[in-house]
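You will see two complexes here that share chain A, one where it goes with chain B and one where it goes with chain C.
== the complex of A and B ==
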């Protein structure tokens, strides 16, 4: 096992370290015998080499500094899987589990419509990388070069995939870097509720950088609930790409509750008329944490509605970032876009940076955005206090209400329950 | 102000392919050699007989500029500017101190006549002493400083203002007469190295207005600067500095025009405002530089840095702008709210028609306690225009009780134009409250129908609706300009409907 220990060692920090790892691993990464995949990985590596990790001079990274990532070295998670680690309680009746980025058949429900990407790469030529792009998204380029495994969900026309939990467990007992790649394709009329959960177990620093590609065909509907519950020293950098055809829906909810540094990017294209997108979320940012929710919504077809409500609560010395861009192409007449971003500051040392953005090239549109930032409303607090509720409890009620209000937008009950539980759990830990 | 009255006709003329101010005055001019280097900076400084400290200040700015890169983040596109292919100094040849109208270059007088500044004021503008300090029939007197290419040609009502202790003159004059004030405040709000265009301006600025309102004085009349780019291949780099001492109040208005040419000319101005305790500055702009023709040929690049510092407690700075001209507008009049309880305001209407591009907005930096800011921005895009609102609200940790309200609305007329909104909100203070709302839509069919049903033509109906859309901003303009600006808006959109 010399080779494994060799690559399990820390690499040099920064982009060069990751590129060297790619050089060292390219012959052993899954799909090495597929020429199309080899050239895709090479293209990813070349693109990442050219772009490097984004710096704060890049407009989209103005508020999030990847310094902690650039300064540290990370090893490869190649050691054998020890399936004895404790798992969180399942959020859905059917669950598939990835440990350190690799599919774990023994921990996964065989009835779930999820397979290991690494074992079915021969099926995904033309699909893998068709929704993602590398330009301007160096982390996606790096993921293409280095991905080891991931979920493959491919639903047939009219198929109902039901509710599935996709749990990614990271054993944070050593500094590893993971780049899972998940592919989700819904054929016309298919349905799926995916609860994607990132769970860190351990105190070590690590990098978990998944890329998800969603291809949503006509009349297909996907609900994508995301629970980011990484370990306290973890770095979570995820990127979602989705394209939605006519009358299809991509309905997502992002919950940031863990990690030392977390950024979730979503690039969603409404490509067919009457397609819809919801990009909701809540960010729970405690002392020492940095959370970032960045979305790019492309209205590339007429008659599409989109909705976005993102709420952030900040406690201790923390920083929250929201960046939401809606781009309405000239063809996208009768677009109805709405974006709301609210932040609640609970501490003197917290900082919130918010940048909602509209870029509109069509004239028959109705687009609006709103943003509010502030502390708890004194009049609401007074109302509760005057009815005999102690201050601490009143505050707690208002904060929980603020957050759960965002979670209410999730229609699926199982997904909503999982999110609500995570929100309440976070707040109870904070309040304690 | 006549120049504003005329602006209406001007814009009417633009839409039908002729820009009223598109004439060029044939006047004896003095140029510095083309290009930009240290010698030019020295030349300008020497020409203006400047003290050594100012030359050193300019040279430092020039050294900084050389190391800086032109910013490309605004949502505007234009061909690479060749900074060596322009004149950095152009001035009408001035005979020593004209004592009567006859001594003033008749071409210069004719220019002001064409610009609609009445004869009596022309006499004053041309610096003729005793030409009458009483206001023309029943109008509010307005003191005007006229800047022609690189230099200020005249300032009116100086004497009357002088009685109140108010200094209103060109900045070159201020350098000679009040060096201590200039030295204390110049660059204190916009330092030389602030940005690429501010550095360029600091190195080569040629003239501009200087205003000082002493303690407790409420300026008895509107102050105004009238900017005119005339000569070919020149850039205009004016520098305005307004200081309101404790308890002082002033309202200032600027207007601008340029000849119609198929080349692009650069206007890179810097405006600095300083408000001390309890002082209040209201700065209004009606910007009507030549916007280029309907194919986007020619026009002014208006790349301007405007910033006000509310240094004193309870001070207030209010920016109001109506931006109808320029082929490209790129400016963010800002407020640094340093003093406790200080107030910043930004009211803006920006219209882009044909191929005009505007990237404009504001920055409100809250530093002091209980500082308040209001931003109201109305963008109107028509034709192939691109209109961007870009604004920053930043609340620092010590700005407890800070409050901001921002509203930016965009109106789209036609399916070839674009409207963009890019607000940045950065809050580091728990007790601060920030609210932002933005909408983008086209003119509602039902509103249009309602007006049409009552017999209004489509253009009149659009005009009415647009004016309603901009009302919150227009009402901030000094009264007589507000009336003119309303008409201006309507005309600027002519040809964009139907």
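== the complex of A and C ==
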């Protein structure tokens, strides 16, 4: 079979180009014979047509400019997938691999509880799109219109899905645009550790814009470790939607360690009493890069704890953004919220924009938040040097420690090791 | 030997050390006592090279080398060690990693071979047992979540591993109960010998019951105003610093 059977160039830049792509593809996208899905896609396209790509006039996009996305054209990925590309070392014993957004059965562990969404669309009516929303999230609307494949994880009551790596490889040898859709449903009492990794191979610009939907039932527990390691010219715009029922936990850690422009948004709703959310993260931002961690946390039930610590290290001419909104509904009495955001600026050309936002409508609530921005602590530096450790080495130790301290919040050892390795690797490359 | 002559230093334009003269011969332990604000901590920081202090006059040499011209890490490599009054917490830096990095940096500076993880662990465990330190203190972040006594013991552990030839103990007794004080004192006394000298800075005489000094100096308002034998510490305890001021 010919390795290249299809390549629709998308030369028209901006939102119009993506809408034209939808017009061209709609009859061929997976699930075209499913009326509910067709109308969902139409709704997504209509919503995106109405909203367009966000501009900096939109409050939530004040600090992140999608100019690089709007000005360039992006094409479709080639099919079928050519598997002969080098993969990073596996982060977990079981791994499933998507290449250019498409499931690769030959590279994936058949024992992993992950299936191709494209091949099981008949099972997800009522589930797909039930947690995500389009309004105010144009990238999610676009994703609904255009997604071709993604992971489907559907755990039965009490099932332990173990530790699974979900690796999305982008062959960045041409300017492709990918919109994978991943669905994760945990029935009551189910457990899962998902290491979601975006990995770019190549120097080309491209867009990788996944949407993940998590439905976490009562007493279910999911750890979601995200490693964003896109290629140097890649644009990563991801959106996570999660809803958590009574006594369930959504425990996430976002690591931005790649891409030219990256923004990860998370919309998490604590919908049942005593449910919990951890929205931790670390952003490693080098010269010429822009990284953004934006979260919206809805405390919509009483007695829920939430924890958020996000650390950012910025080097060279770079920009980091942290926006963390916590909305405590009137019903959410005895909410216990904690938010901390810390940035370390290693250069005078680096910039961090930090916007914590607490909206509290309940009266019996414990919510604290804090932010620090600065250079390295001189007292800590002196302490190390007074023990004979040379200044450069002491600085390096403190920077790595700042980041690894954030990763320490991840309880699962496999996920923590994968994140630590990515952090140390990044810092060692930077320090070299 | 440590030789300080006419040492003057200021911080943010305010003169703290106003001409210190002091000699600590090799093999001796000297105590510096003085009331709060007399310049005790400033002296320890100036000698160990902390930034933020301006040296406006005088000199400080250690075995003939100009201490004030060296970086903090160079001072450490020549054998100077400062036990901090408030040991610094380093979240994310494992204590074992910290201790080994420091030890190996100094060994490198001296042209000695570095210790690998196993060699280091064996040495560290041995030293920790002597200080009654639980082994899990190696795994924790440096001083993170340590009690006051644990932090001070961690300082003494560092000293025991780095084997300095000059140790400055900056109010190492503050915040210690009597058992911890004895452990810390035993750690210092174990270092005693013809090649080890120490400057023990303290507000109270209590520590000097356990680390008996060869000489005691009284620091007031940035100057050494009185020097004597160990009995001077007892006198001060009985009559207070005011009596020195009056004299």
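Simple rule for what comes next: the second predicted complex is superposed on the first by the 424 of 432 C-alpha atoms of A that agree within 3 Å, B and C clash if a C-alpha of one lies under 4 Å from a C-alpha of the other, contacts with A are read in each partner's own complex, and residues count from 1 in each chain.
Following the convention adopted for this analysis, a residue touches a chain if its C-beta (ideal position, glycine included) is under 8 Å from a C-beta of that chain, and two chains touch if they have at least 3 such contacts.
A quick note: this is a predicted structure, and the numbers were derived from the prediction, not measured.
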Partner chain(s) touched by A:330 [first = chain B, second = chain C, both, neither]: first
First, second, both or neither for A:356, with chain B first and chain C second: first
Which superposed partner A:388 touches (first chain B, second chain C, both, neither): second
Chain touching more of chain A, residue-wise (chain B, chain C): B
First (chain B), second (chain C), both or neither touched by A:347: first
First, second, both or neither for A:379, with chain B first and chain C second: second
First, second, both or neither for A:366, with chain B first and chain C second: first
Intersection of chain A interface sets (partners chain B, chain C): none
Of all residues in chain A, those that touch chain B in their complex: 59, 330, 333, 343, 345-375
Chain A contact footprint on chain B (complex, rising order): 73, 75, 397, 410, 412-442
Complex interface listing, chain A residues touching chain C: 378-380, 382-391, 393-394, 397-398, 400-405, 408
Complex contacts: residues of chain C adjacent to chain A: 48-52, 71-73, 75-77, 81-82, 84, 87-88, 90-93, 97-98, 101-102, 105-106, 109, 141, 158, 162
